[in-house]
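Labels run A, B and C following the written order; every chain starts at residue 1.
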């Protein structure tokens, strides 16, 4: 209870609310320039690809899902904070809300793939190739589910849920900034329960549709949770980075302190362990039962150069953060947290790469399509993030639990 | 001593700006001690306790008599037979281990998440954990047939120069359940030290003084001891959290590493853990509602506590429902005809009655918790939670029995029927559980006094100070 | 306990330290001495000040620390946050204990899985590798958690000085509320800043509601009560008896049959060989072979190979001659292995022994034969076949009258025997020599025959028999 709420409000409202995206107009230009440059570069690369844009398609799915899963993770985070009536995390919630609403970016980028599928282009998804499917009993059996039309309808449903949930959570919270209506907190808490259910179902089925069906034969019931745990880790890594940058730079120093950094990093640590747990469970069960139709998927990833990536993932996604972030002091060191969070973001990307790319090529391929694709999707999403974050501080300034959050101390 | 008010103060209404009190009524350090310690100190227990204890201890005697009968006669007294070699004993084992998850979850995970409301219920739930794990441990131990060779489960040097098989999930189970029982007991005991010291210092009879004196190890509440206690508690919580996840994960491995259709599915580990938490919380509510009624703990275990637990039951119930749906979908999607048959057989085969009992109790019943009026009506939540535990027992029954009863070879198909011994042993395990539990309620501090005191608002603390 | 906060005659109140000693041996929990006047004495162990709230005790501790007190201890019914900083306490090293326990548990678990299943008792399980990290991790993980928890728990007990059955503070009656609703500061007499008068004053000033002296307790009195010690000694001695008995049983021999608490499968409800059975008319438990049948693997049509006799001769046809028409069993199953050769040769004349090996003879077979010969035959026949094996020598040395010295394999009649006859001798024995059919498989018998033939050749061969390309080198072999 160090600072009464009135001080907080005056401090935040005193800041000029500029019209630029991030409060610094030059940042806007940089981002827009990046988007344009990468788009042009990407198109150039795409047209230049020999395989009819197949690699570009994979790069597209990979990078869109990298950002998409992170945005979904942020949405999960926000809904969980509401439903548990969390006080400590209020100062970081706006960042997560913005990230969640920015799902609009990657979701728009799903469109080209759907268009390609509907126009009969097999590209990334071999189940859309009649020649490939015909004669394959298993794939023929799945046609009722894996066909371009139904796929598009489902995707439209997911997209609708995500956009509505993401924007609603952000807009309601922003509305509270202005109205300071406590009832909105209760409303968000109530709505978060169904939101979580819808998010859970859509994330699961979207991951089945968009990622698991890249290998249309293979299946794993835990897959949805695997994608969720990875996305959650990535979202928390982003939040940890933001918190660390703010702690380091002193921006919002009254609101976001080392205590918040400590806790968000703990959560990151926990969810990263959860990811490892899910990954281990999936691997162990498939390895142990040794049923060829399941094992082949992992077998592929244990050779042809993928074994190296598997090892890197085990080390970088789990062991290094697990050991290095264990001491409390490490979780309170902004520079350290930024480094580990960046590593984890990279690892989340690599994890998706490991899931997606073996379907493209027998051994890992990496080139400008992947890098430019990543840059493009990130900057494209950043435009939306900037738009959603415009005008005002990245803090829910009128949240009734803000004072509690501000005075939060890790005991 | 009983400070229960006639009209319960409803602390479930929230104003987001104000944290509602964790406890209702006027509480001070002394009154908390008085309320809790008095329960363990009264010369005669309430009549309800005596009656329940008489019943449960008789059932315990029956359980041990049946175990004796089983050992002398052999496992043929059960309904287990080819192809269903894992019948009720394993179902009961998984059921009880699942129940035993809520305690550590409340103690450890909620502690790590700094959910202060846990302090009123954690001791209770931890005790429940230990007793449930005790009940769980009995079944696989007697299921091995030749009980006198139970030490073969452990890697001990023996005259056969053999070692257990470390690649068997059943061995992992031995380690997991043993480690879980041990760590839970340490966690429980460590947390109880300060309260045992309170009972020691309040004891009036010599026997109690000696007994609590030995049990409390000479605790005085020095800051050095508290420093160690707090750190140890945090560390044990941090250790118990992955442990509690691992135990039911490993139990799920017993099934999932195999190739039996309906058992081998990768979602099993998180699904089992969610189910365990689900059943454990349901059991805590089932026990807590009557306990707070009879022991006058309504100020410490408030409606808010119960409401929160109902929400957890609802949330984990949704997770379990999610797992059922995913399993079903992937069984179809995977295109494996054996897997498809196993699931259609579950829903429409000879055990369809069990399957739909499970679905109604586990997925449909908790949906009533969407209504706040249900979440705040103690009898309603007891009914739902009992249903949940019925459903969770049937879940394990469905998994174990439906898959086994349909062998790959249709000529080996069978229909499992339990014997009277099966049924009575399961009933007897409830007797053991309640016996231990009632003894705990009678002789040990039911609420973690020291922890509750530490979350007592500073205001009431000052009230005791004569200014 | 109510006392004037001003400086009373603290030091002169009582002199008899001894009285402070409490007669109660049961020092685990000292009961409140009813109405005993507080007895501060000349030499006291320290002072114990009572406070009513955590905030007060923290403030008081702060004051005392500022005043230079270093040997303070705060006792409270619940953990007080921030008190460690006030007291200048260091973080206990429990995390390190936990890490050490965890690492040992993890390594120990992996080691067990590897050593027990891949080294000491290699066990193939469904084609899985003998050792793999993956299935070893669950056990290693559980052990890591278990040992880390033990380290934390043990560390807490040990570093906390527990169990501590005796404590001087228990002799201060008001201290019983330390676990209930009061907060205490104990100032040790050993503290450099300690002076009983000033300290007491300071404590009252800091907001204490009562200050009492901590008695000095004789070491002897804080010992465990005698009955406890005696019980412990007796129990530990008794506890040694079972392991001693087990150890004795393991390292001594006994002529009595083993104790069988649980009979396991010692006594099974089944019919054994050579016992009677009321189910059958003939009362036999062992059932004879059904007429016209033959046991699996017993159809040995290749007479030359199995008996060393040409089939055409039909000399000793093996027929299971069973007639069950009237419930009587006429059985004669004269397999080649249990037909006494002497009897058969006497009754039916000389059998038509095969003279050519029914198996292919090559170096491998002869080497096998040599090895088998040296295992089974050489003990009596000698390595060289001269009838001078170790058993023979020993029997002759003992002058065993019943011992028949085996004929030298190099004797003329033996050399002239057809291979079939040699085979028959190995299988069925001759004179005192028993048959080896039970020990030596058919193929190996032929191998031995081939080796015996080779052995015989060593005595009769000339340089002409040696291949010309080997001959020049033979001298060198010497």
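The criterion applied here is as follows: contacts are C-beta pairs under 8 Å (C-beta built on N, C-alpha and C of every residue); 3 or more make two chains touch, one makes a residue touch a chain.
Bear in mind the structure is a predicted one, so any value in this text is a computation, not a measurement.
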Going by the touch criterion stated earlier, list every chain that contacts subunit A and also contacts subunit B. C
Among all chains, whose Cα centre is located farthest from the one for subunit C? A
Most central chain, judged by mean Cα position vs. mean of all protein Cα atoms, is B
Centre-to-centre distance between subunit C and subunit B (centres being mean Cα positions), rounded to whole Å: 34
Express in whole angstrom the distance between the two chain centres, defined as the mean CA positions of subunit A and subunit C. 52
Where does subunit B touch two or more other chains at once, residue-wise? 242, 253
Name the residues of subunit A that each touch 2 or more other chains. 284, 288, 290, 411
For subunit C, what residues touch not just one other chain but two or more? 128, 135
Okay, in this complex, where on subunit B does subunit A touch? 14-17, 19, 114, 242, 245, 249, 253, 256-259, 264-270, 318, 322-323, 326-327, 330, 333-336, 370
For the subunit A and subunit C complex, residues of the former touching the latter: 280, 283-284, 287-288, 290, 411
In the complex of these two chains, what residues of subunit C are touching subunit A? 81, 126-128, 134-135, 137
Counting only contacts in the complex, subunit A reaches subunit B at residues 85, 87-88, 137-138, 141-142, 145, 182, 185-186, 189, 193, 197, 200-201, 204, 208, 217, 219-225, 273, 277-278, 281-282, 284-286, 288-291, 293, 399-401, 404, 411
Can you name the residues of subunit C that touch subunit B in the complex? 26, 28-29, 31, 52-56, 73-80, 83-84, 87, 89, 91-92, 94-95, 98, 112-113, 116-117, 120-121, 123, 125, 128, 132, 135-136, 138-139, 141-143, 145-146, 148-150, 152-153, 155-157, 159-167, 169-170, 175-181, 186, 209, 261-262, 264
